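Look for chain A in each of the two complexes below; its partner is chain B in the first and chain C in the second.
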Partner chain A sequence: MEASAPAHPSPPAAAPRISQKTRSERRLAWMLCAPAVIAMLAVTAYPIGYAIVLSVQQVDLRFPEEGGFVGLDNYGAVLSSDLWWTDLFNTVMLTVVTVSIELVLGMAIALVMHRAIFGRGVVRTSVLIPYGIITVVAAFSWQFAFAPDSGFVNKLPFIAEDMDWFGDRVSAFAVIIMAEVWKTTPFMALLLLAGLVTIDSQLYEAAKVDGATAWQRFTRITLPLMKPAILVALLFRTLDAFRVFDTIYIMTAGAQDTESVSILGFNQLISRLNLGLGSAVSVLIFICVLAIAFVYVRGFGVRVEEGRPGR
Partner chain B sequence: MTIRAAIGLLAVLAVAVVAIVAALSSGDESSGSGRSLSWFVAIQPGGTIEEVAARCSKESGGRYHVEIEFLPTDASQQREQLVRRLGAEDSSIDVVGMDVIWTGEFANAGWVEPWKGPLAKQVTEKVFPNVIETASFEGDLYAAPFNTNTQLLWYRKDLVKQPPTTWDEMIDQAEQLEEAGTIQVQANRYEGFTVWANALIESAGTPVLSGPETVELREGPAIRALEVMGRLANSSAAPPNLSTSNEDTTRLAFEGGDSAFMTNYTFAYASAAAEAPDIAKVMGYARFPRVDAKRPSRPPLGGFNLAVSSFSENKDLAFEAAACLAGRQSQLTAVELDGLPPSRSDLYTTKVVTKAYPGFAGLVRESIEGSGPRPSSAAYQDVSLAIQRTLHPPDKIDPADAASVYEELKENLEDAVKREGVL
Partner chain C sequence: MERGTREYALWSIGIVLVLIFALIPVIWLISVSLKPPESITDGSFLPSEVSFENYESLFEGGIDESPFIKPLINSILIALSTTVISIVLASFTAYAIARLEFPGKRAILAGALAIAMFPPISTVGPLFDMWRSIGLYDTYLGLIIPYLTFSLPLAIYALVAFFREIPWELEQAAQVDGATPFQAFRKVIVPLAAPGMFTAAILVFIFAWNDFLFAISLTSSDASRTVPASLAFFTGESSFTEPTGSIAAAAVVVTVPIIVFVLFFQRRIVSGLTAGAVKG
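Up next, the complex of A and B:
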């Protein structure tokens, strides 16, 4: 407010001038941000920039004498292969299915957690446990459970004893989706709960007095008011789900056409040590992630800071 | 917690830390004053690695001390950890436990040192020639052969009177069995699948590559091998989990009495003896089956060789240590404690080996001598990925139309040796 009370009044027609004080405040703000900006540049911008540089070169660790600028050849090789498009389809399909299931389940769990009258702390903590388990460990547990020789799932009723879950595309995807949903629904539920607690309970009471049913209260009050929280939760989970790696790597390693784009990148980078091709895949994944974020932010008007808990 | 209790706890912790640090540093001194060499190697459950590291350290008379850094049990993950370190020129690796298929890649990248002169002669003395090949690249030796490995055909003597000599015979026999009529092979999409595919193609009479960047894969024999693969995968002799099977699931199924036949490494015998004594009693062994009835089979070849890292700061000592760690005595330790076949052919008549392979020491030796190693190339990973991507799952190969799969395989291999396209 001080800025609007300048020491030397200027004619109102002139362009607004920045006062000395504002300028020094801005400088202070930049100085306070500088460490964070430098850290971000070092750990985020540099690796991304380096990956872009590698992606337009021919770099293979196994052939150190080779090298050189190849323009967009690596991108051409990736985009012209069936493999990239199959893997992209798998990844998008997996993302849409898991995030949709997680949203519905997460909402239900958030509502239950919100209403829990006794043992609130215990309920919230226990719901979070799957999210606390390392993805690789969770993936192994699910894989062992569904393994035909040692798992318990094939011993359940209505399931063929020699069912080879990971030997077929559909069943392998089913297990991968279940493991992903089991693990990340708590995260979704927690973000949604944060949105839920910001809704004023008086609104529900007023609606009740006016005779609104529980379903009407949910669709007319809860959902509209939670829209920012829901969109932020969806954005976070979509970005996360699109980069799925661990679960697939442990369960099938991409066999039976269950490969995701991250596994494709891993194969080029780590298995083949073909840093040029691998970086091109990574940059393409990065572009996809940017596009997803863009669609959410511009298309749906997500405002990340509004969806945050404790607003 | 009261403040007094907290201070007390802190004091106890401090004393404990001091005691541990003191114990560790004194432990360092007692382990010898020589240079410390780090050996990155896959763990062996029987304790071979610890035993040979301790023996060689002792025999060096205090000039070096071998520190072990265990790699994961999975072969792909072992390689992954090593290439990340070597790619970053990590000087903390001195001796590398190198799988037979990594030689071309590591040598071409300049990560491992060539062996020259009398030491090269010493570490290859009496070693099987095709094992020396796996430790060599473009005419130079890059590692000291340690243990080798090969697959045998394991079968149930109580169900099968005469072991089959060909895959076709074996499939016929399995299909006719009333119980346990399945054949266990490693056919998940991983390196083990390449092992199986390569052994079939080699046994049919053609190598996959004739040089590091030249595809051979002659049409007639290759199609024959693919027919066998497709026939097994589409027959009742295929176990239900064929396309996700590995060394361990096949061993478990055989030990559980589910299958009359299994191709697997030599560890299968000791494992059955320990885990399923009833099955071990009726466990027969034979050479890896033929694809072409008129041509001896070319069984798979595995194993580890020891290389010296180019980024080691103590290369001379590392060569000396690697020669000892892979030497005759160490090979005997490996077969005694972990059942790993020695790479020296002269050890197969020793008591240690005949005890580890009761009745089949000669067969193991013959199988190694006749083996068909996987291709040697700096782009081996590309070649292996191309094989896995094209042929997995094996039940998609129609035995009546193996020719179309052959065309695809040949094309993908041509791309792989040129390192073109994504895999």
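Up next, the complex of A and C:
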């Protein structure tokens, strides 16, 4: 993006008279934006409102005759269940671990793409492969690789031949984390690379002349100047990691206490058809996401307007 | 130069590691899909003998019996429809944001960003209930609508970034020559914006192609179930055989074309994915 400030400063709000041209421009703009805005609100604002309504009622599609307003009972049931807290712990742990590994790996790959003396194209090409693969497909591939009967991993040296990766919580999480890291590191690397290319290379030359080592140049120049790009990448990846669903559903379906909050919500809503309880879970997840975004924006000062959506 | 050789060697190792890491799951899937059913559990990384049996059984019985053909058609049609609608709506919005002055511009960008962060699971329950009562459950439209919602932010941000790079003097020239703002948009800007729109279309398509949560929540049959969801319901030839081979073959069929496409358009995708990530 160009470095200039917004190209069109807004006219003062209290302008006494709006010209005919301004008015027609505004009308055109609103007409152009309306369809997309409606499409975006129709499946977010309205359903979240509806979820809140459902969450204070007893709605179980298996027992349609029962029902009615139950106040905060559903929330009480969720918040007093061990399952919710186990799943929340799992989700937070997965988020923190995967995003941390991704940050380090993504930074390494971004540096390779930025400063490689050769092979830049090869690296960029190969990091786009995980991006292009369906998450479910990648999860199956890793699951087959680690499966005790058909996988190649247990045939590798130093690994027990009968290791049951998905039979134990810790090893199951290790495989899930690996699959998630594989799938989403490229996005992190590309976001970091976009921040890296904006750093003036003269700074490095000057630091070299002053005798700074490569590590000093990285910690004193690269990291501070990339802080905004790093925080934006972290914000998006954190929120994306927090909704982890596909990989866990395919690999363990939540067995061995590997459930995430999204799996819990799905089980209540779709498998058990308990819309009241499930909606309470949904609303709680929504509140968690709001809290994470709030911490990043207020706590770390991420300037969200400069961020971008995507995964 | 001694240092040069060492640096060269280090970079080579780094690049090879990245390459191996990125490629292993893909090569492994292709390898599993090519193993004949009796050797699928041999655990070797590469097949000892190559067989296309898994692919044949995938397409066996035509559209009525195959567990894969109908979901593949569903996936393609749903992802393409989402892409077309999303890009049309997002171009209108991105044009207004990049080009016109109006109150509410920042609110729309902030709202799009908020939706990009929105947890999809929070909408699944209400959509499930609403779609069942208005007849959208297990239909194409029932999936296209949520895909549209969650892909629009992606498309709007990518397109705003591209549209800001367009030489707008041309549009003014067209307006001076008597074109209306809409004509100026359609005749001058659309051709200039086509490459950016194509990039945004790739991103939206991959998003819709990848979705799993809505696909298993809002469908119940092959009437509208997409490939990622159908893979989770694959069964073996008998209840004692694992469907590993057919899943691998199906996975290769839906993966390889996308990878080829992604690699072919990699420059565009990188610029689209990072659009607006940094403002210098």
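Keep this in mind: the second predicted complex is superposed on the first by the 260 of 311 C-alpha atoms of A that agree within 3 Å, B and C clash if a C-alpha of one lies under 4 Å from a C-alpha of the other, contacts with A are read in each partner's own complex, and residues count from 1 in each chain.
Please note the rule applied: a residue touches a chain if its C-beta (ideal position, glycine included) is under 8 Å from a C-beta of that chain, and two chains touch if they have at least 3 such contacts.
Everything numeric in this text was worked out from a predicted model, so none of it was measured.
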{"item": "First, second, both or neither for A:I270, with chain B first and chain C second", "value": "both"}
{"item": "Contacts of A:M107 with chain B and chain C, given as first, second, both or neither", "value": "neither"}
{"item": "Superposition-derived comparison: chain B or chain C, residues of chain A touched", "value": "C"}
{"item": "Touched partner set for A:D164, first chain B, second chain C, both or neither", "value": "first"}
{"item": "Touched partner set for A:A241, first chain B, second chain C, both or neither", "value": "neither"}
{"item": "Partner chain(s) touched by A:P64 [first = chain B, second = chain C, both, neither]", "value": "first"}
{"item": "Which superposed partner A:W30 touches (first chain B, second chain C, both, neither)", "value": "second"}
{"item": "Which of chain B and chain C A:D149 touches, first, second, both or neither", "value": "both"}
{"item": "Chain A residues contacted in one complex by chain B, in the other by chain C", "value": "147, 149-150, 270"}
{"item": "Interface residues, chain B side, partner chain A - complex", "value": "76, 80, 83-84, 87, 105, 108-110, 188-190, 240-244, 249, 252-253, 256, 378-379, 381-382, 385, 392-393, 419-423"}
{"item": "Chain C partner contacts - residues on chain A that touch it in the complex", "value": "1-3, 7-8, 10-11, 13, 22, 25-26, 28-30, 32-33, 35-37, 39-44, 46-48, 50-51, 54, 59, 108-109, 112, 116-119, 122-138, 140-142, 144-145, 147, 149-152, 154-155, 182, 186-187, 190-191, 193-195, 198, 228-229, 232-233, 236, 239, 242-243, 245-246, 249-250, 261-262, 265-266, 269-270, 275, 278-279, 282-283, 285-286, 289, 293, 304-311"}
{"item": "Chain B contact footprint on chain A (complex, rising order)", "value": "60-64, 77-78, 81, 83-84, 147-150, 162-164, 166-167, 252-256, 264, 267-268, 270-274, 277, 281"}
{"item": "Residue ranges of chain C touching chain A (in the complex, touch as defined)", "value": "7-8, 11-12, 14-15, 18-19, 21-26, 28-29, 32, 40-45, 89-90, 92-93, 95-97, 100-106, 108-113, 115-130, 145-146, 148-150, 152-154, 156-157, 161, 164, 181-182, 203, 206-207, 209-210, 212-213, 216-217, 227-228, 231-232, 242, 244, 247-248, 251, 254-255, 258-259, 261-263, 266, 269-270, 273-280"}
